[in-house]
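Each structure below appears as structure tokens.
In what follows, chain A forms one complex with chain B and a second complex with chain C.
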Partner chain A sequence: MFEARLLRSSILKKVLEAIKDLLTQATFDCDDSGIQLQAMDNSHVSLVSLTLRADGFDKYRCDRNISMGMNLASMSKILKCAGDKDTVTMKAQDNADTVTFVFESPNQEKVSDYEMKLMNLDLEHLGIPETEYSCTIRLPSAEFARICRDLSQFGESMVISCTKEGVKFSASGDIGSANIKLAQTASVDKEEEAVVIEMDEPVTLTFACQYLNYFTKATSLSPQVQLSMSADVPLVVEYRIQDIGHIRYYLAPKIEEEDS
Partner chain B sequence: MGILGLSKLIADIAPQAIKEMEIKNYFGRKIAIDASMSLYQFLIAVRSEGAQLTSVDGETTSHLMGTFYRTIRLVENGIKPVYVFDGKPPELKAHQLNKRAERREEAEKELQKATESGDQAQIEKFNRRLVKVTKQHGEEARELLKLMGIPVVEAPCEAEAQCAALVKAGKIYATATEDMDALTFGATVLLRHLTFSEARKMPVQEFHLNSVLEGLGLQQQEFIDLCILLGCDYCGSIRGIGPKRAIELIKQHRSLEEILKNIDTNKYQPPEEWDYKNARRLFLEPEVTDPKDIEMKWTDPDEEGLVKFLCGDKQFNEERVRNGAKKLMKARTGSTQGRLDGFFKISTTPNPKRKAEEEKKNANKKVKSGRGRKPK
Partner chain C sequence: MSTTRNQRKPKPFNSPCAPVAPKRIENSWILLLPDHLFENDNFSIITLPHPANGNPAKFSLNSKLKKIYEVVTFKEPYRSWFIGETVKSNGSIHLVTPVNPLFLVLPRLRELCRSRAMPLEDLLSEKGFEKIVDYVNNLDCIGDIKGSPDMKAYKYNEEKTLSWLEGKVRQLAGVLRSKNIHVTSAAASVTFVTSNICNQSVDEEFFLKYASGIISEYLESELIEQLEKRFDFKPDLIESVGKKRKSDTQQTMPNKKLKSETDEDIKHVLNDSNPSINDWKELKKQKPLTAKEKARQKAASGTKTISAFFSKK
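Coming up: the complex of A and B.
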């Protein structure tokens, strides 16, 4: 028996919004420590890694480890049926081929349940090596979303370069070029508005804007976002979800052609 | 024309071996294309008002039109195509080729009949049946590809076999063809529908040989025997044995020799002087150029050369040709998107539950179309 209950359905709704454009289907791996999801997009350019810890749920029970393959478009449709203030409960029997979502309104007057068929997916697991990153940049998530949106008007790819002076995002294309520089904030009243840069070595990498724009769908989950970069390895974009876990996106950089 | 009914058999028994992909997922991949097959496709499909496109003096240009635009489409999606041309047909194929020639003659007669009676639909039908890729078509396509900066590989014998050898050697990612015998030749990844027109919105089907073998429960040698039993280009097959019976027999007896010993040869008559041993050898050790000796180089397109070759007599629109050349050029500049596969280690385990179900299904000897992994 698996049962997980969240007082605010909005968290789960937002999580789905943050992954459904990138993935069409994914496996939710549940054990007594919580729910994990790890999946690559079809072209194997990016990876989503989601962790929701058991202690972040209002009620969590998982007697036997289960892996539930879900069609994310269907799941998203179901979650759209929940009100933001509703309580959501996910339930499944051991070895079940369906999962049930129960939504309860705050005053308990309305209770709805939706059953969804599970998919038999191959379990794909990626071993992500522990990496020390040369640069980590923390910035307001809305700022990052804005930068990605603005720069994607100029070109398909965006160069992120991190130096002592700060971090520079740039793009160029047919209409011209664009550069956005952010310096570390000297003093801020609110922690969530800060730009914090930790750098051991300068790094410059190129990424596809399209994927970064998919990642910024997670903006509403967290006021801050953290970018981690090292030369020639995938970028990590991490959004912490308050009190319950995080969502991390990995993106393979663009590489210069060797010879062709 | 490949292996009779193999793709359907795989779809029924080992559906997880087929993945449906979008063309854009193949960016950065090197892919070998069976040239004669795609030329044939273009001759059939690239038409206007039912007739092939022609130059001023009536020479067909459909194959050039197809090669030019579809190749550009691949390149625009970041794919690096290599065209592999057939060499001399193997001796074993002579019989098959004779049969085809006979069929052409028949079609020709039918066409005459239809022309006399003025039946448009029939005329078109038999016209298409008469389509043949000639030497000249091949030569022109080679010249065009050279101008486009796309490498061409000359196979000593069957192009399929050469493609398969290139994939096996890891020189390229996959072979793109509609003929399933690429798998029989041992190509690890086969793509179908890659060169289809965009308008048809057909997803690319990706077949992985190892999952095919795993799904069918066969070794490569047994798989080759299965293909011979289904019907290949190089020898006849036993009458009265369809795909279902074929896979059952192979699973039970594991080789054609054993099957012949065990079946009632009066009921199921093998062809006279059945040369399955040579056909099998042809699949196992086809005549190919060692992939190590093959160099593939993608170069800049020759815009002026393309205009000179395609416009004028061949009646291509100059502006569109120049645009095409620019697209080819653009795809060569800039950086390519990396993949995570190179950074992280992927381990795929088939869903344990599904496996259990399948085992149960196989035990009951009931073969139903697979569940899960259905196209959306």
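Coming up: the complex of A and C.
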């Protein structure tokens, strides 16, 4: 028996919004420590890794490890039926081929349950090595979303270059070029608005704008986003979800001198 | 039990007197192999998507000679085998025929590497393809190498592919001519000798069409069209040759069309030896891409695959 209860359905709704454009289906691996999801997008260029810890749930019970393959478009449809303040409970029997979502309104007057068929997905899991990154940049997530949106108008790829002066995002294309520089904030009034750069070595990498735009769908999950980069390894874009876990996106860098 | 009409002796059972348990007979099947595959210790049969239609098909590997063979099935009703003292009611016969690995890789390259380069190892990392990575060379015939040669990252090149296929067709047409294979329409007995001996009068184009028909059995329909355009065949001729070929193949080569009907049987028979049979279903589902997915693929062009960085668990 698997049962996980969240007081606010909005977290799960936002998580789905954050992954459903990138992935069509994914496996939720549940064990007694929590729920994990790892999946590559169809083009195998990026990887999504989601962790929701058991202690972050209002109630969490997982007798036996289960993996539930879900069609994310269908799951998203179901979650749209839940009100933001509703309590959501995910339930599944051991070896079940369906999962049940129960939504309860705050005053317990309305209870709705939705059953969804599970899929048998045979997805490969990748081992992600612990890496010491040369640069980590923390910035307000809305700021990052804005930068990605603005720069994607100029070109398909975005260069992120981190030096000791700060971090520079740039793109160029038919209409011209754009550069956005961010320096470390000197005085921090609010931690959420700070730009913090930790750098051992300068790094410059190129990424597909569109993928970064997909990642910023997670903006509502966290006020801050952390970018980690090292030369010739994938970029990590991490959004922490308060009290319960995080969502990490990995994006492979573009190959240089590619004919465009 | 049905009668057997077959004259050939099954090779794997050379000593007909040897007692074989009936249970084993039930789970066995008849496979004709060249000798050198017998010497191969780790002879194995694997499942890969068929290059023409993506349906699962069986292939066997010779790790010594680095060759891939396609397992083709020939089956007629009312056919059984005598094995030792028992009768096996399934009278189908399986043969192995060599196949160029490039044909197997081609659909995958066309699918994934149209707009971006991908290392060979990543390209062949799924769906059973990982087993044939070592067998593939000459990828230059159908793609361009990008980046450093060590990485072996290739991008699909249609022009090169068509030239390569054209070469294959011409080569095959030459073989057909030298072996006096009957390629024009209307049925003919194998033993029937026409007055115009040696097909000399038969137009070169008939051979080419016949050859391209054979090659096309390993190509996706889109590519077949391209290839036909390249040879500029007249449509009516293609049709008549195509029809002819269907009735003729039984004499000249094992019939691929029959194979799809008997897939079920192979599956059944192979079930004992091959635990990974569940792959069959998965290989079948391939949905067309939505506009969103296409846009994403376009955006992904020029990016390395993420699995190049992270090892598989």
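A few remarks follow.
The rule we apply is simple: the second predicted complex is superposed on the first by the 255 of 260 C-alpha atoms of A that agree within 3 Å, B and C clash if a C-alpha of one lies under 4 Å from a C-alpha of the other, contacts with A are read in each partner's own complex, and residues count from 1 in each chain.
Assume a contact is a pair of C-beta atoms (placed from the backbone, for glycine too) under 8 Å apart; a residue touches a chain by one contact, two chains touch by 3 or more.
All values derive from a computational prediction rather than experimental measurement.
Superimposing the complexes on chain A yields a three-chain arrangement in which chain B and chain C clash.
Shared-chain residue A:69: touches chain B; no touch with chain C. By the document's definition of touching, neither partner reaches A:243: not chain B, not chain C. When the two complexes are overlaid on their common chain A, residue A:124 makes contact with chain B and with chain C alike.
In the superposition on chain A, contact is made by A:209 with chain C only, not with chain B. Touch criterion not met for A:84: it reaches neither chain B nor chain C.
Of the two partner chains, neither chain B nor chain C is touched by A:132.
Using the contact criterion defined above for the overlaid structures, shared-chain residue A:253 touches chain B and also reaches chain C. In the superposition on chain A, A:95 makes contact with chain B only, not with chain C. On chain A, the patch touched by chain B and the patch touched by chain C overlap at residues 24, 40, 42-47, 122, 124-129, 157, 208, 233-234, 250, 252-255, 257, 260.
On the side of chain A, the complex with chain C involves touching residues 21-22, 24, 40-47, 122, 124-129, 156-157, 207-211, 214, 233-234, 250-255, 257-258, 260. Residues 116-117, 122, 126, 146-147, 153, 282, 292-293, 295-297, 299-313 of chain C are the ones touching chain A in the complex. Across the complex, chain A is touched by residues 16, 21-22, 24-25, 27, 80, 297-298, 332, 334-351, 353-354, 357, 371-373, 376 of chain B. Partner chain B is touched in their complex by these residues of chain A: 24, 40, 42-47, 67, 69, 95, 119-129, 157, 206, 208, 233-234, 250, 252-257, 260.
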